[in-house]
Structure formats: C-alpha cells, structure tokens
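We call the chains A, B and C, going by the order they appear; numbering starts again at 1 in every chain.
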Amino acid sequence: MAKINKTQLKQLVEAAIFVADSPVSKLTLRETVLAEFTVSERALNAVLKELMLDYQPRGIQLVEVASGYRFQSVDSLSPWLSRMWQESAPKYSRAMLETLALIAYRQPVTRGEIESVRGVSVSSNIIRTLTERTWIKVVGHKEVPGRPALYATTRQFLDYFSLTSLADLPSSDVFDALDVQYKPPATATLDAPSEDDRAIETANIEREENE
Amino acid sequence: MAKINKTQLKQLVEAAIFVADSPVSKLTLRETVLAEFTVSERALNAVLKELMLDYQPRGIQLVEVASGYRFQSVDSLSPWLSRMWQESAPKYSRAMLETLALIAYRQPVTRGEIESVRGVSVSSNIIRTLTERTWIKVVGHKEVPGRPALYATTRQFLDYFSLTSLADLPSSDVFDALDVQYKPPATATLDAPSEDDRAIETANIEREENE
Amino acid sequence: MAQKEDGLNNGPVQQPLPLAFINGEAIVEKPEDLYIPPDALEVILETFEGPLDLLLYLIRKQKVDIVHLPVATITLQYMEYVEVMKSLKLELAAEYLLMAAILAEIKSRLLLPRPDSVEDDDDDPRAELIRRLKEYEAVKVAAGALDAQPRLERDVFAVKADVPPSVAPVRIEPDVSLQDLVMAFSHAMKRAAAFEHHTIEAEALSTRERMSQILSMVNDKTYTPLDALFTIDEGRAGVVVSFLAILELVKEQLLLCVQAGPYARIHVKLGCHGED
C-alpha cells in the first residue's frame, strides 16, 4: 500500500466527490480512489472536515447526507439557480406529504395503518409515485390476515431531504410525545372499526395487485 | 434591474457552472441566473478569472471549453478517479472457457480446429475478449487455404494460472473424478461409437502424461 | 399545549392563499359560519384532507383545546358540512359519514349517566377521538416540517464536475480457476468424442508449447539459424522436444527450412504465403 500526502489526499477526495453521480461514502472512497493508499480514518475525517470549511464561503458546500458526502449549491441561491432549468421542481400534494411523513415517522407501517391515522384512504397513485421516486420501499409483510406490505423510507429519501439519518427528521419530538401520552389501549384491536379498517386494507392490497 | 455585489456574483456564477449539466457560456449566465441583475462584462470576466485562480490548487479546476465554462477534475488524478467507474465484467461463458482450454491444450491451433472439436462456431467476441485479456495471441498462420491465424497462449496466461510452463497444465482426467457438472448428455452414452472414442481419449491422455 | 396550537396555525391549509373566487372576489379565509355560497363551499371542502382535517378545522374555529373537545357543538357543525357535502361531492361522503356516526355515538354516550366509580380519562368516550385528532395533527405538523426541509431540486442542487477524457472506466475481469479450465477442456473433448468420428490427435503438450515458442522466435522476413532455436541448458530432452516441434511446424508448412549446400547451416523462417 502506497503512502499519500495530505494535499494529494485532499485533492483526490475532493475530486472524487465532485465527479461522482451520487453521494460518496467513506467506504466507497476507500474502495475506489483510495484503494491503493494507506489512509487512517482520522486523516480521512480531517480532510473531509477541512473541505467543508474551505467551501463555507463559496456558492457550493460539502454536506453529509445519509449515503455519504456530496457537494450542493447553497440553499439561498435557489431562486436564481432554478432559472437554469425550464421546469420547476415538482410540488407535492398534502396527501402525498402526509403519507410520506407517516411512513417516515412510523415505519415500518402498512397502508391500512396510514389510512386509519389520516382517516381517509391512501390512493395507489401516491404509493406508486413515492415508490418510483425510490423514497419508500416494501420491507416486509405484516403477519395479519391479508399480509399487508410494510413500508419504510429509503436512503434516497434521506438524501433527497438532506438528512443523514431518521433521527434528523424535523419535529420527531411531536410523535415521541404522542407515543408516551397515548398508548393505544390493548382493546383497540378488538374495536369494531378496526375490523373495517382491516377489510379496507385487504381490499386495497388486492386492488393494487390487480393494477 | 437589481444590483449584485461581487461576493454574491461570484457565488452565483460558481454555483451555476457547477449545477449545470453542460458547459455554461457567459450568455447563458446572463440569460438565466443573472437575468435580473446589472452585471458589466468586465465584472463577469473578473469573477470567472478569480474562480479559475481560486481552484488552481484544488482537485478540480474551472476550464473554458468551446461551449463555455465547466469544472473538471485535474488530469493528474485520472488514474485514481477512473476507479470510481469500475465495473465487473460478466463471468466467462462455457464457450469462452472451452475455447481458452482448447487453445491452451492444443496450441498452436486455428479457429477452425477449435470449431471442429467443439462442433459449434467460435464467435469473434470470444477471440477478442481472450486477446484483450492478453491470454492468447496469434503466433502465425497455417499454410492452408485462407491462411487462418494460429492461436497460442501467452506468458500472461501462464502467470495468471501460476504455471511455469504449459507442461504444468494438469491433464484433464485429474478432475474427472470431481466431474459431476459435466455429465455427457444422456443420448450420447447410447451411441455405440462414443464408447470407443472415449477409450481413444483416455489413451491420448495417458500418452500425454507419459511424455 | 401551546406547541400544539402553533402546529395548528402553521398547518399548510391555513396559508393565506385565496381559497376560491366567488363573483371575482377572492375568499382568503375559511368562512366563520356556514352562510356561504354553495359553490365556494365545494372548493373549501376539497381543501380538507378528510374528516379528521375538517374536525381539526372546526375545533380551531371554536378556539378550544382538542382535550376539551366540545362534542355537541362540533357534531352540529360537522353535520351541517356533511349535509352540504352529500349534495355536492358524494364520493367524499363515506369517510365523512363514518365520522358523523362516531360523533353521534360519543354524543349519546356522554348523555348517559356515568357511575361515579369510573371517573378516569380512559372511560371518556371522547378519548379515542381525541387521540386520533392529536395523532393526525402531529402528522400535519410533520408533513409541514418535511415540506420545509431543504429539498433537492427545489432548494439545493446537487453539484457535479466533469472528468477529463483521461478518466476511463476500470473493468474488473472475471476470475477463472485452473480447475474451470481443465473441466472445460475435458468437457469439450468428451463432447467431441461423443459426436465426432474423426480422431483427435494429441501431441505432447510440451511439443505444442515449443511450437508456439518457436513461431514467436522466427519471422517471415529474415532467416534464423536453426541452432538458435535450441537451448543447450535444457539438456537432451529439451533438444528433442524442440526438434519434434520444428519437424511438426515444417510438416504443417509453418516453418520454411533452407540449406545453402551440404553441411551448411540450416536456416528457418516463417512460412509465408506471399512468397509462393
């Protein structure tokens, strides 16, 4: 394994993050550009930190997101930068955002559970759009009649919203407070309405499958 | 038209060139991110020049190409950056392995001879792949109509398999005991001549071993 | 609780955008009462995300805490909305009607005399509805917070630098084991034996290898002295192998042998068709 001096290491890491198509993790750096060098974890962390500082006053910044490091434009420049593209960024409906928020905060969660919290049915379109954007994915099936799919958010979701982990989700304390205050009573599952919910859930899943 | 200070102008120009998918001309800058600002040609040239200087010691540089300005990684880093796009080639097909084996054991050999043993044609792709891997090379041409190329294995081939010479290649019956995958097709065993042929083959191998 | 109130006020529905235009006049606020033109109501109802959203709106209008859910008033108002809805947007009605039924049930249970012994919250028929309202409110807050989060393509843009042409993808070649190779050979030979009638000639490997080596030592331009093809250090066996290889090559017309006169040195060159 070859040695690499700090200046070269910094240049290599900087260039690698810049030319990559998606965020670059430290592991990826080690497996690709740094494969033939001996680089301590401390040295790598140090250059990443230095790079972050170097770009602080500039038009772009080095940030850490869930799947690694990426350079991105400064948020305050977006009104002008968005003029570089003909199309404006997609807007998401409240139904979509509420569904996404529930999956993010309550994962893994079934469609039926989302519907019971929101009080309305979740359209298949919303689930499809969120899946196609690779923001959510099916992580399993709940062992209840109908075996409904359990949804969770993905790394790409965190990357897209500039988050490093689910713990960084804004106002997660609102949900935490709920969990402490309102433990769902054990009888809840025996309630008449929940039976209906489950029926709706099964019906929806069948509908999805038919699509 | 609004005023913009130099720091903001520089940040905006820098971010715009970075986020664009292709090189950005000064005209494009003026028509998009700078559309609502009064910026003199001199001021624009000045920030572009400053940006070029700023990035001089870094892993990426601002360069001017025919259609405008773009950031690109420093040439000297290319050998390492190339590893960001490493891809695993698919595993070799049976046809590929058999061709290589026949060249190794029967060299120098023509494509036609390989084909007559394998009973199927050898695709140019196979020959090209093996040649590109520097495992085989043309060592001459057979003096028959069409003067087909004669293939042989190379030193690199021996090195890869940790062989000092072709004589070290194991005789094929060494692995016959382990040969469960390559059962001859059921119909073949019913053929009368096949029994004889197999006897001949065994004899050949024995002769090889004795030499 | 102050935090919860904030959450309500910051909810996306409460943005001061015109909800509807009635006779060219923008209606910015949701109406304080029900005396509004029915076509405006239709637009307003569409802005609710469901019965829980509508209930939250009605509670906020009453300026009371969710905890003290005034079931009687809310039910009355809710039913009035649902009545209008039933005539306008039938497909919306089912979920709203279910909520109406829940409200009516709570209301009737509240009217029943309650035994003094069970005074705790759990027995409050409103408890479950309050829990759901709070949970839904939290979802609204979370959705709003998520929307405010710096988002790629809207607030921040991923940055990319190009690479010079000197950057080329690195291809990792597949591994092949010696066993794979031998098995492949064995298989090819067995198949050939099974299907072909021609005999498969087999030279000693060492001779075949030497043939390849000799071919790469000579060329078709200049003659190479024959003795240059022998290596003394290999001993007799080596010389024999080389000699066999040369004979085989000459037989296959791959090597051209020339001798100027008796006992002169023999020279060889690559057999070349062009000279024929």
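Simple rule for what comes next: a residue touches a chain if its C-beta (ideal position, glycine included) is under 8 Å from a C-beta of that chain, and two chains touch if they have at least 3 such contacts.
For clarity, every value in this text was computed on a predicted model and none was experimentally measured.
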item: Farthest chain relative to subunit C (centres taken as mean CA coordinates); value: B
item: A-C or B-C, whichever has more C-beta pairs in contact; value: B-C
item: Cα-centroid distance, subunit A relative to subunit B, in whole angstrom; value: 35
item: Distance from subunit C to subunit A - Cα centre to Cα centre, in angstrom; value: 12
item: Geometric centre distance via CA averages, subunit C-subunit B, whole Å; value: 26
item: Touching two or more other chains - residues of subunit C; value: 157-163, 167
item: Junction residues of subunit A, two or more chains touched; value: 15, 18-20, 60, 71, 73-74, 81
item: In the complex, subunit A residues that touch subunit B; value: 10-16, 18-20, 32-36, 58-60, 71, 73-74, 77, 80-81, 83-84
item: Subunit C to subunit B touching residues, read off their complex; value: 157-164, 166-174, 176, 178-200, 202, 204-206, 208-209, 211-212, 215-216, 252-254, 270-271, 273
item: Subunit C partner contacts - residues on subunit A that touch it in the complex; value: 15, 18-21, 60, 70-75, 78, 81-82, 89-90, 92, 94-95, 97-98, 100-102, 104-105, 117-121, 159-163, 169-172, 174-175, 178, 181-182, 184-185, 188, 193
item: Complex contact set, residues of subunit C against subunit A; value: 3, 7, 12-13, 49-53, 95, 98-99, 102, 122, 128, 131-132, 134-136, 138-163, 167
